[in-house]
Amino acid sequence: MNPDLHLWLIPLIPLAGFLVNGLLGRKFPKPVVTAVALMGSLLPLLWVSNVVLKFGSLTLPHVETLCTWIRAGAFHADFTLQLDQLTLVMLCVITGVGFLIHVYSVGYMAEEEGYWRFFAYLNLFLFFMLTLVLAENFLLMFVGWEGVGLASYLLIGFYYTKDSAANAGKKAFIVNRIGDFGFLLAMFLLIAHFGTLSFSEVFGRIGADPAMQGGVLTAVALFLVLGAAGKSAQIPLYVWLPDAMEGPTPVSALIHAATMVTAGVYMIARTHVIFDRSPYALAVVAIIGTATAFFAATIGMAQTDIKRVLAYSTVSQLGYMFLGCGVAAYAAGIFHLVTHAFFKALLFLAAGSVIHAVGGEQDMRRMGGLRKKIPVTFWTMTAAVFAISGFPPLSGFVSKDEILYQAFISPNSAGKVLWAVGLLTAGLTSFYMFRLWYMTFFGERRGGAADATAFLDDRGAAVHARRDTKLTAVAEEPSAHAHLVHESPWVMLGPLIILAILSVIGGFMAWPEALGGSNWFGHWLSPVFAGSANGAGAGSVQLQLELAGVSTLVALAGWFAAYLMYFANPALPGRITARMHALYSLVANKYWVDEIYGVLIVTPVLFIARYILGALIDRGVIDGGTLAAGYSAQGLGALVARIQSGNIRSYAGWLALFAALLLAASYFGWTAHFWMR
Amino acid sequence: MHLALFLFFGAMCVAGALNLLLQRHPINSALSLIVVMSSLAVLYLLLGAEFLAAAQVIVYSGAIMVLFTFVIMLLNAGREVRTHGSKLAYAAGFPGAAILLGLLAFIFLSHRGEFAQAKLGEYLVTTGDLSQVLFTKLLLPFEVTSVLILIAILGAVALARKEH
Amino acid sequence: MTVPIAYYLVLAAILFSIGVAAFLIKRNIITIFMSIELMLNAVNLTFVAFAHQWHQVSGQIFVFFVMVVAAAEAAVGLAIIIAVFRARNTLNVDQIDLMKL
Amino acid sequence: MLNDSILTLITLVPMAGAIIVALLPRKGRVIPAFTLLVTLLTFVLSLHLPAHFDYSQHGFQFEENRSWITSPMIFYHLGIDGLSLWLVLLTTFLGPIGVLVSWRAIEQRTKEFYFLFLLQQTAMIGVFVSLDLFLYYGFWELSLVPMAILIAMFGRERGRQAALKFFLYTFIPSALFLVAILWLYAKTGTFDFVTLQTKLAAGGLAPQALWWVSLAFLFAFAVKVPVFPLHGWLGSVIEEAPTAMAMVVAGKLGLYSIFRFNLGLFPAQSRAIAPLMIVLAVIGILYGALVALVQSDMRRLVAYAILSNLSFCILGIFSFALTGLNGAVFQTINEGISGGALLVLIAFLYERYGSFDMSEYGGLAARLPMLATLWVLTTLALIGLPLFNGFVGEFLVLSGSFPVHPKWVAAATVGVILSASYMLRMAQRIFYGQPSSLVSGRPHLDLGAREQLTLWPMVVLMLVMGVASTYWINGIERGVLKLSDAPAQQFHQLQSYNVWSTPVSSGGAR
Amino acid sequence: MSDALRILPEIVLTVGGIVVMLADAMPAKASSRKPLGWLAALFAIGALAASLWQYQLPAGTAYYGVVQVDAFSVFFHVVIAGIVLAALLITLDAVTDATEGLGELFALILFGAVGMMLMTSAVELLLVFVALEISSISTYIMAGFRRRSAKSTESALKYFLLGSFATSFFLYGIALVFGATGTTRIGEIAGAIAKAVGGGHVSPLLYIGVAMIVIGLSFKVSAAPFHVWTPDVYEGAPSPVVALMSTAPKVAAFAVLLRIAFGAFPLLEAHWVPVLWWLAVASMTIGNLGALRQRSVKRMLAYSSIAHAGYLLVAFTALSAEGVAAASFYAVSYAAMNVGIFAIVSHAGGYDDRLTLIDDFRGLAWRSPLLGGAMGFFLISLIGIPFTGGFFGKFYVFTAAVHSGLIWLAIIGLVNSGIAAFYYLRVATAVFSRPAEASPVMAVPRATLPLLLALFLTVAATLILGIAPGGVLAGARAAAATYPSVSAPAPAAQSASR
């Protein structure tokens, strides 16, 4: 019998924070807002750690039912929370990283108009994200699922006076809706077949019937993948994530790197029971993941906006996680999720610190030589770069290698191919990360004070926000920064350092046996993924060592290439791009995917809506039909009125004729009776 | 004898009626209508309605037609011009009238047998018999006609009253 | 030597139809009114004929009433005609079609 | 005991109020204030219903049954069940809100306006509570009149045409509807709903004729809802009508009637026509959403949004699944609240800036934060975000009808994407970006006390209904249980149905 | 003496007419003739009272069986008395002291009423004929009462000429029936026909006789295709007169039609019912379609009255006691709402029709909510919205039709009433929409006492008929019960249960 953990407190505290700030924040002085917001993220963290302490003594999964939410006929969905290892991992990541980013934002957003609004939204996000991972049934999970979408919509559009931000927010929400469409259909199928959405019942029923393979489960799984692809920005629905960078940098770090975008991975892991029964769906997941990883990495190589590089790298890393799940190495996927949360959050925050330092500049071509000026940022960033590029023994190395290894040994026929592409992607990753590293911190400062101000408008967001909210004093601030590049305040650096440490040592949680570790993390998670047979590939310590070596070499190669092109010989990139210009422009323009979607989907839909449905059918057929009916009646009316010539003799003639006819009729009995009835 | 009289005066009637129809000047029409009515009076006699014959001559040919001619004089109505205000009158009316005539004639003749034969002097109604019924069984209608007359007077006065 | 009632009826029908035709043809209001009188007379003849057939006085009395009514109608009708003439200064029925459709 | 006369009270209090309004002096805000009182009183009275409603039984409650006209046998028979319970509440709830919205909007001829307004209330409540077919028809027709007159009298430039269109669209079908009623009476000799139900269930009537009768019923109701091809009146009415009327013109009356009569009296015929209705519903959902996507006049957008949302109800109704039926009723209530709230918001915008063209707006978020907040909340409710009422309704409808018509429902679910698109588009046009010339020209005053009083109840209700839906469903389910297919049958459907037409327990789809 | 009692209302009215006539003739002090109107109204009330009093007379005939006082006749007496009263009030409201011939007008109204009442109680075709002529001639005269106006005189002429034309058909019909049966008493005719049918040979004269009578009467009730005179005449005649002649003579004519059809020719049903079926369909359709395009309110109402005649004929065709009752009821409700709406039209337009077009009425409700509201109310009743007399009228009529299995007739009729809604609404929406600046309605005078009284009468009647029709319906049923021949379910009834 488990002790009562009051899990519901974990999501509800941030909700309270949101309500307080959201309703009263406008009136509050800044410190109060800050306090409320930090409480809204710190208290859940403390509560989670409290749970962690009790965790050992729990019988899992631990379930808490609060009350019924929806009940109709046989169907019912409750507010039910559950706790198991997987949930706990997510809880730790969300609350931990979440809290750090809250702290960071206190510094980063200090001057922003709508400070209170920002933190209210941030707390709201935490609420929904925690609901998502704590949910014990699909429907409640969907609450969080849609909710985080809402929060991200609000935060991306935080600088609402800026059209690009507004559009980005709308795009994110609608694209996510496409994913939700899949999620909904998956739920409908589950209801149709199991009459319930509770994880335990659905998975129990599936587990109880080993004969149940593929078929409907494949359908469910594929719809779920659609949902996951939307949330986790995988092909074909990844397009919203790069645009989402319109939001403030902490948002990018928290929502679009560390937590929300990983919800898709979490969902697949959570519902692995279904995927296990559908190798087909699993293959789809793996392929999508790998393709996305590679595809995004290539785009990442050609980006010049520091945040966009990170955005594509996020997409790419998420691809790895999908790959992990796709080869049924859920633990590996989740572990990469964790490490990625560390170093990618770190990267974003550090980038934010850089941007902060150079007064709102985001274009790497105008940076450089910042190494000395902002050392802390530099060193933390360096740690992150090495981690993501997969240099042992950093966290990224461990998690990514595990995934590649699992892919290699997976019974999946395409396993080797997946592994190869993954490996190549790893090289690309290390290339574009070091490219970023060099362009930002080494060489000479390319963007001067003068142009820094000139580029304020590109950076736009905050500045526009300020302009029209008439905070001229603040508007001056970034240009003030521009000519003396300076390190960020400690409230921002603190989180950087913590995350840096985590990125460095995080790997040891799952240090593979091959290297004398025990993969504690994997074993600890295994109860959750018990019975996913596909996972057990035939591997060996030897093989894992070899693969690790290979990937390390690939990473080094990527670093070396970057070194050549962006440090040793800066002219080189220009020549190369000139040489294969077509390819370069293709990549630099992100394969024109947005444009293609525009031409293939958006434009036709709008055209049909406006001209076919709106004009032709609605105005034409329906309104027209009404009018036609009206006019035809009027026409008949005119005919009838024609009788009324006003001439007495005509009238008399009329009378005479019909009198005669009527006489004849009634005499000969022409008007038969029967059909009148 | 009876048949001859009938045919003669019947022909008179029809001729008068047609003349009424053909004449262009209202006076002529009026005169031809008098002819019709007088000959009808004779036919009434043949059918043994002596009081009606008298009334016909006095009331119709006398009073009413005089009134007509008087009005014609008053408004000195001239020859009517054959304006073409109505095609329907011909297009619909004449067929109508024709069908009417055809139908009635057809019925009357085809069922000739069901009707009695009119024999001269076989059935004579004296004013006495008439008043017998008129003042007993049909007293109320007789009284009511007085209201009708009143209305007629009122109306004539109200409508034709002199301008002022 | 007799005449079938049917002949009288047919004669009446002829007169009636001529009356109708006259109503349709004549343009002068007064004449049109005359044609109505003609129709009434035709009806009267029918009544008398039937009265003879059934040996029923009421038929003849009916005719008597028709005459009275006709007289009243004549009075009123001619008054109306006079009013119309005063208002429109014409007796041509084709020109009296102010109100139509 | 209040229970015996409560329905009469609720129905006639507005009428009495109307008569008093007609006698009140025309000065100051006497009349609106009094009307507000009357509507509030009605609402309070109606609260008696859920409080004393017996959620454990299916039949009609609070019944009143007196003889009204002896020949033909017409009874003054009132009563509600779980189906009508919340619709009555919805109507009385929207009463005061309608008054508050019109408070400033109607300045001239207030007496006439509020007189007719109260008359409308009576008519609508009457429709929901009357159980005698004749009485029902009476209220049904009566509900047209004040509506049409108000549109003509207080509508905007083309109000007259709109009123005409609205009236004819609804009146001509209800003429056929009347023939159907008369036929039923001729055959069964009763107008009483309950008796009629039993007699029809007993059978014995010419099926062919019954089929036509049910069609006549359905046609009249479908126009009133409106269902897809019959929505010609909706746009112009929403455009022209005063807000208080636009809020109540569509949806609940027609949908309730379909529930009560088509499903209640002609179960077999309704099931026969169901495929067609499902298709129309799905078309309606997508069609409305798509057309809404390209509107720039806010009211027209709302009109098509309403069409789209109401089609969800139709979908749920003709799935005959218990969940779907529950969802349909719930969604009907949602539509009344959320759609109404949106119209109110638009009206308030118009009172400030005098334009319905969203492209003229922009950047209002900073100027009218409260309005913006409420707008966003309403938007979220309308696009069916979980924890809002809209989600519960849509989810129940879709999940309930999915097993019956998987492919069509899948298509309908696309509406979820589209609704988000057009609602967010409107919000963005109005609140995001730089302030437009129209906006920056005017002084910007945020919602006042009266306006907040109008909106908050609705918004709060949206959230409460989204979280504590069971409270409503409890009643609704009692009402719709007998209308749904037998649970056994549902189970059968679950078994027999399959997505990829490969048996559930086969070797998978590879 | 008892005979006199059976025609008491007629006597009262006759006396009243004479009194008014004489008073009018009184020279001097007669600056204003309006008091005469009030005097006439008093007599009308007297007649109303007398008619109501007659309810407690045992049914029976008088004057050698030429008049028969029964539930049927009394019912219509009451209706006509009521209409006349309202019409007098409307006239009082519309006319001015300057209006010429007021005395004659009031007297004529009363005298005309005598004829109409007698029509409903006469069972001797001769009396029917005379009474019919009384009512017709008086209306001819009234139609042309604005003798300086070209339109008024023209309408009088048209009405007169065509009316006499139709009368001669009616008369011919009587003649032929007389020829076939040898009598002009309705009862005896029925007997003779019964004998003939029993004998197996029915004289063909009867068929066309009936047909001609139907023609004559359908002209009087302006049923299509014998409606042609209606629009012109209504348009030209003074509005108060139209209020009277669009209702009272029609109601009377319908009473006669009912009396003759069910009293004399029930056995020839197979020959005249189909005719009526066609007349009904034609009237409804032509009336409503014709009204669609009208721009003048009075013309529009003329067409609508044609349509309403059609609805009434539907009840006829049902050929059952229920149908007769429905017809009687419909007559009442039609009279109430039509008189009412003409009250407003004549008030707004005045005796000499200042407002004629529908658009002239634009904004009446804004000018005077009372008038506008009342007009709206009557229009709603004409459309047939529940809780008004118009609705119950239609309701009973079509119930009767459906009961007799005339589904098609019911559908046609109700679809027609749907079309009808369109043109009524054009007026209604005009009345309620905002008036243009300086539009004619703004000159509409305030309601006078007689108008208020008239409106009260009509609105109350329409409303009571709409909410508690029980009383009137009982009367109508009693009236229907006077025809035992139809009280038995008509052959239609069985065929309905197919």
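Labels for the chains are A, B, C, D and E, by order of writing; each one numbers its residues from 1.
The rule is simple: contacts are C-beta pairs under 8 Å (C-beta built on N, C-alpha and C of every residue); 3 or more make two chains touch, one makes a residue touch a chain.
Small disclaimer: the values here were computed from a predicted structure and weren't measured.
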Report summary line: The chains touching both chain A and chain C are B, E
**Report entry** Steps needed, at minimum, to go from chain B to chain D via contacts
**Finding:** 2
Report task. Count the C-beta pairs in contact for A-E and for B-C, then report the pair with the higher count. Result -> B-C
Query - Chain separated most widely from chain B, comparing mean CA positions - result: A
Report summary line: The chain whose mean C-alpha position lies nearest the overall protein Cα centroid is chain D
Report task. Round to the nearest whole Å and give the separation of the Cα centres of chain A and chain B. Result -> 103
Query raised in the report: Can you give the whole-Å distance between the Cα centres of chain B and chain E?
Result: 31
Query raised in the report: Using the average of all C-alpha atoms in each chain as its centre, how far is it in Å between chain C and chain D?
Result: 66
Requested in this report: Would you kindly tell me how far, in whole Å, the mean C-alpha position of chain D lies from that of chain A?
Outcome: 36
Query raised in the report: What are the residues of chain D that contact at least two other chains?
Result: none
Query raised in the report: What are the residue numbers in chain A that touch two or more other chains?
Result: 641, 644-650, 652-656, 658-659, 663, 667
Query raised in the report: On chain B, where are the residues touching two or more other chains?
Result: 85-86, 89-90, 93-94, 96-98, 100, 103-104, 107, 111, 137-138, 141, 145, 148, 151-152, 155, 158-159
Report summary line: Full set of chain pairs in contact is A-B, A-C, A-D, A-E, B-C, B-E, C-E, D-E
Query raised in the report: Which of the residues in chain E end up touching chain B in this complex?
Result: 7, 14, 17-18, 21, 62-64, 66-67, 101, 104-105, 107-108, 111-112, 114-115, 118, 124, 126-127, 130-131, 133-134, 137-138, 140-141, 144-145, 147, 156, 203-205, 208
Report task. Provide the residue numbers of chain B that touch chain E in the complex, in ascending order. Result -> 103-104, 107, 111, 114, 136-141, 144-145, 147-148, 150-152, 154-155, 157-159, 161
Requested in this report: Name, in rising order, each residue of chain E that touches chain A in their complex.
Outcome: 157-158, 161-162, 165-166, 169, 204, 207-208, 210-212, 214-215, 219, 225-226, 228-229, 231-232, 270-275, 277-278, 286, 289-294, 404-409, 419, 422, 492, 495-496
**Report entry** Contacting residues of chain C [partner chain A, same complex]
**Finding:** 20, 23-25, 27, 32, 93-94, 96-101
Report task. Enumerate the contact residues on chain A facing chain D in the complex. Result -> 26, 68-75, 139, 142-143, 146-147, 150, 153, 157, 160-163, 165-167, 170, 173-174, 177-178, 180-181, 184-185, 187-189, 191-193, 195, 209, 211-219, 277-280, 468-469, 605-606, 608-610, 613-614, 617-618, 622-623, 625-626
